[in-house]
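Here come two complexes built around subunit A, the first alongside subunit B, the second alongside subunit C.
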Partner chain A sequence: MDALTGNITSEQDRWKYLDKIRTRPGPNTNRQVFDGSNVVEYMSKMRVLVIGAGGLGCEILKNLSMSGFRDIHVIDMDTIDVSNLNRQFLFRQADVGKFKAEVAAEFVMKRVKGVKITPYNCKIQDFDEDFYMQFQLVVCGLDSIEARRWINSMLVNMVDEEVEDTYKPMIDGGTEGFKGQARVILPTVTSCIECQLDMHAPRAAVPLCTLASIPRQPEHCIEWAHVIAWENEKPFPKLDNDDPVHINWLYQKALLRAREFNIPGVTYSLTQGVVKNIIPAIAATNSVIAAACCNEALKIASNCAPFLGFPDNNYMMYSGNDSIYTYTFKHEKKDDCPVCGNLARELTVDPTWTLKELVDSFATRPEAQLKKPSIRAEGKTLYMQSPPGLELQTRPNLEKTLVDLGLEERQEIGVTDPAFATVMFKFKLKFAIK
Partner chain B sequence: MTEVIATQTPPLLHKPSDKERKYDRQLRLWAASGQAALESANILLVSSGAGVVGVETLKNLVLPGIGRFAIYDDEKVNAADLGVNFFVDESYLGKPRARALTELLLELNPEVQGDWYPNGEVKSLEPLISNDEAPAFTVIMYTYPIKPEYLSLLESYSQKHKTPLVAIHCAGFYSYFQINLPGPFPIVDTHPDETATTDLRVLAPWPELITFAEELTKDIDNQSDHEHGHLPYVVILLHYLEKWKTHHDGKVPSTYKEKTEFRSIIQAATRTTNAEGGEENFDEAVAAVLKTLVAPSLPSGLKEVFDYEHTDPDEQKSDFWIIADAVKKFYEEHKCLPLPGKVPDMKAQSEVYIKLQTIYKTKARKDAAEILETVRATPGGDKVDPAEVDLFCKNAAFVKLINATGGGKISSKADRLKEVYVYHSPHTAQEVANDEMAEMTLQPLSLFPIYLALQPTSHRVDLNSPPIKAEKILEEVAKLVSDADKNEKVIDAAGEVARAEGGELHNVSALVGGMVAQELIKIITKQYIPIDNTCVYDGINSRTQVLRL
Partner chain C sequence: MLKIWSMKKEQQKAENEGAAAGKKKKVTAAQLRVQKDLSELSLGLTMRTEFPDPDDILSFILYITPDEGMYNGGRFSFSFNIPPSFPHEPPKVLCREKIYHPNIDLEGKVCLNILREDWKPVLNLNAVIVGLQFLFLEPNASDPLNKEAAEDLRANREGFKRNVKIAMSGGAVRGEVYERVLI
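Let's turn to the complex of A and B:
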């Protein structure tokens, strides 16, 4: 240890700047809820869960550790890939192949003395309510809508109105290129991820007939190779998006098809981008969004300043493409939200549809986005995806029309999906003949 | 078994290099050209105060692979740094902070070079930036508080070498940063939204396009459902426009009423007796009417370029301005911009779509060739890269000029503050007055009070001096903008600045470090559009505002 200073850097010296803000009220602090004398102690005991140890996750772990949180847990099932190194700054070339959560936790603990980070190299779905109940705050840096929806429904369903500790604020960040968003969800109090789902409409799929017979864009050729050629030829038992040999096979197929139709622009990089649905990502944007999330975490934990989610604004949109533009607003809670609302959501359907058409439509509706829905209607099971026995029994219903199945206008149906085990999506049918 | 299959796989035509794999996610944003610009960039950070925002910015530039950086910082690492700065650790206590920051930053990317100052050889800022042998800095950034003598050194360097200068100030929940560009800063590769770039010229088709559309539609009513359902929507629009013109004295639909009427005509022409009960291509045509039937006009960004009056003769001889002048000549002659040549995807047979694409591309090449000819005839135009002309033609409608009015002279800090007071007072007063209006109209509140409240601490370098009081801050603000000290928002902001006592909050510095890094990437790569010229951040309400100051 340096002889000049010794190793006695007191905690007060070390957190000097932070404590000026979190332990002393400012002009904007709500003094009714703020107790500066208790903040340091409270925050050091608070247990915070970070979901994702990738681009946002690395930043979040750094920021929380530098904000006075001492007991942090992090979940990520992924291992480190070389393409992470341009932004996931806790990882080095030598870490490629190791678990993200583990490497990130170890790095931050080594750099910031006194912080404890517990890594979990697994999926969020591997844990149950008891696990999530131990945290006081959840910060998400995820790249999939599905995972966000899962944890959102978990946290909303955990709320017991009588028990204050069951309300777990969730802070969620997301980025794409120079753009991103940070939002705060107070389960059952503010609008939730499911309420906001239509803001993340799935990309419109290219019609199969375009792929099969009239390709025009390089992407059409790549999708053809991906969806049709691969299925027909099965060059390898299972497509692995991360295997360059597999991507190269698709690239070569796409290239041949593009030549046949005189379509320019198929490249290896584009092939990889289309097949893996790659979203451009840079350190700078992750830095903005992760810090916006952790700034809210500090304010929520300490009450040292008003935070998003209360009373009005709960969502910040950020765009850096053309100058810098942020839009901070209140996203309204939806009474017919399948996760946090009480009312069934109206669902416009064509009564002449078969049940199969209804089932398929759930995947593409921006407000539903359910890939494997099972459907019940007031006491009747119409279609079940699993178990296999029940699937077999209900399968004949798929060919029947909604009318034939006895469904009526204004009738409520319940939809479940294995991706959201705890949620029953309630819909009220509205008939409209196309 | 796997081996047999593997040998059937054709060899990689283009195996991505290690670097391409590492930088894949960013190359999709700024391509190899942007990456090359980053890799040749050399950035100087002059850091002081709590010293976080500067290193957080550099982190976001080292990761994507800038060429090199240098950090100048007089401070030694102390205990308080450990609680706010991630790029120091216990082993550096008492050692130069510039060294800690540099060494820990360099761990992030082995391809980046970095130096720290003052060191054994270079003992102060002056020799560092007056060394003409050393490679020039691409951008200089400094963080407040800063010694006034350092600031004037940096400003004169910036003026002499035409180097962009970035100032950053963070205190508690508040921050602003300001970019001083040395002159007008044009950007061609602005990356507009894909949907905005469609320019199909259906109101002014050229002979090849007309012939193509006529060919495809000459027997439109007797076409099979398959043929009819695969006419590209551009062709549908052209066909019904011709018909419309014959009934309207050769005029195209121009008013909203006429356009909706025209839209109904196309809607009515959709076949519904086919198997699908409708036609996707006609739906596309209907949806395109209002966006596509727009008379050409000169976009404001390009107008600013065309109207720009040069004060610096050297500037005028740059490639950008030579091309801009040629495009202006083209515009004056043809009353339209060069065709960008991109055709959006639309329902069509592959072969027909490719032909249509070729017609647009050929016309775009012809326009670009005409502009290149003008460029070549201009003094100095013989060295211009044709690829630059092509890029300009493709993006002409979205070309943007930043800092069109400012630039040139950068005065000393003291003079600049006076300038703000003398020249910007009306503007300043206006910003503050708008705020009173905003409360009534519920417009987002101005963040200018935050900028004002941060000014008085710009040079309070010694963090151990007694903390500045809110009253003192207001007193100083009143010297800049009289009566601003009575504005409630300014009073609040002064209270927040005083609360921080010159300290940074890690999150705020990380956030602002992200924004500044985005801006530097835009300036270095000359892609996307940088701010013009000041961005204020409010971490209490999670908002930003860009102001021209």
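Let's turn to the complex of A and C:
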């Protein structure tokens, strides 16, 4: 009995301080939107998606569970490698080779009673809009820019301006060595990943001519082996960056080339680093950034304090390189952003129109006013004003009706006009017979 | 028990197919950008594009017929393959003929700075084709991909010109046979 009571008390103790923060207004709480009486229940029902169960992901899953979220889903396609164990603390030696999402979910559920974590051992690209629609919040702990850009464009494109539930706040954490960032994106409302793409320094590319003729650095020799020697000799059908035999082949090739040009410094681990583009991971940076991200998640979910993202600051950068420094600022949304600056607008058309009638209608439509529009749908070139060959190939389409061309309601079309260098319109078709 | 399982799977499969059919295809950023770039191309009289499949604007062929310089009289073609990440990554461009040129190797790889290290999303397809055209007007010996051709150009410009003529008519230069590209 005592033991039982003790258990209950300790379970309640666990949430005591969290509940003080999220159920009572503080000095910075916006009382117009804060409702302490229902926040505990609201948060426990809120469905949160975590993308990535690696260095940041382990921290994020632990933090969210301890912040009062109880319905968490996690996606990660990777399996556990022995080199992860120093910082990805939800994994043990015996877990090596198992899926990260699965092991992480199981571990956290065992430690935090009442939390349900649903793992998905696959790529984010394996899911569609319907899947992502079920969440109220997305927290990313990713290591690739590609994956960020993909989920970003998915969340931006999901927004239906008339339906509130289609706006999914996205919290993105990222680390590289001692540096990191935490940012909040409110799709179509604030600056998105694509708007902020220039914040990521791209990897410096080496001129092909330098690789082919006169290498100067050990990296050039490795890139030469990677780009040129492999292509020419094809020792294996496909290069697998994780296969030590393949890496060793590149290493030996690079070594020979380095000897030829008298360049020191080509090693196996440098080869691995250059080919796999390895970024060093530091546990402390991960935990600082994950904490910042989950703090935002708690604030967004509970309204207990103003969160990052709107209307002002949306980007927190952190550097531990030289003591500790953080700076929080507003990254402006870009009007010409290819993802969030260019949303499809509704266009009412008569499906029995010929394409020519649609083309001509653009000249007089107040929302377009284009005299020489070129029009395409996904996978289908409808009419291009130029170049001449393409114009000739697509000209027969002008006489066909929109239905005959296979266009459907809600389909998107892209419209450009050379007279307006910056114009790229996207329209969502709406059929209305006149 | 087993039966319920398979029925459930069947049902889910049918649901997924239904969902996929109801999905409307969206125009991707890369396609829209290529569409814009294409409608702004200024090809002039020396260049022409060819689209094997007009519905796939991400791959096409560019023909260049220089009307001056040492490659005058030839016709050269380049295959353009534009990655889905365009304009954040440059188009992939290959010369389809085996030609004698210091900046184009025997496999057709092209050394043009804006196709690799100096590519920026603000550049467009027009910048690329202008760059390609320039390679035929001013072959550049300091950025060699075909080292022998570059040395030839540097050491003896007149001799290089003669070798270009030989290569363009399908002859051999230093034991390497080139493709006939004369019109």
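Just so we're on the same page, the second predicted complex is superposed on the first by the 328 of 434 C-alpha atoms of A that agree within 3 Å, B and C clash if a C-alpha of one lies under 4 Å from a C-alpha of the other, contacts with A are read in each partner's own complex, and residues count from 1 in each chain.
The rule we apply is simple: a contact is a pair of C-beta atoms (placed from the backbone, for glycine too) under 8 Å apart; a residue touches a chain by one contact, two chains touch by 3 or more.
The model shown is predicted, which means the values in this text are computed figures rather than measured ones.
In the superposition on chain A, A:S287 makes contact with subunit B only, not with subunit C.
A count of residues in subunit A touched by subunit B and by subunit C gives the higher number to B.
When both complexes are overlaid on chain A, the residue A:E41 reaches neither subunit B nor subunit C. Of the two partner chains placed by the overlay, neither subunit B nor subunit C lies in contact with A:E161.
When the shared chain is aligned, subunit C comes close enough to touch A:D128, but subunit B does not. Contacts of A:M66 after superposition: subunit B is touched, whereas subunit C is not reached. Taken together, the two complexes place no residue of subunit A in contact with both subunit B and subunit C. Interface residues of subunit A, counted against subunit C in their complex, comprise 128-130, 146, 153, 157, 197, 204-209, 212-213, 338-339, 342, 344, 374, 376-381, 384-390, 393-394, 408, 410-414, 416-418, 421, 423-424, 426. Contact residues of subunit C toward subunit A in the complex are 19-20, 23-29, 31-33, 35-36, 38-41, 43, 48-51, 54-57, 85, 88, 103, 105, 109, 111, 113, 116-117, 143-145, 147. Chain contact summary for the complex, subunit A toward subunit B: residues 1-2, 4-5, 7, 9-10, 13-18, 20-21, 24, 26-28, 59, 62-63, 66-67, 82-83, 85-87, 89, 92-93, 111-113, 177-178, 182, 210, 214-217, 235-236, 244-245, 248-249, 251-252, 255, 261-263, 267-269, 272-273, 278-292, 294-296, 298, 305-306, 308, 313, 316, 318, 320-326, 328, 434.
Against subunit A, the residues of subunit B that register as touching in their complex are 2, 5-6, 8-10, 12-16, 18, 20-29, 50, 56, 59-61, 63-65, 78-80, 82-84, 86, 89-91, 93-95, 107-110, 172-173, 190-191, 230, 277, 345-351, 353-354, 491-492, 495-496, 499-501, 503-508, 510-511, 513-515, 517-519, 521-522, 528-532, 535, 539-544, 546.
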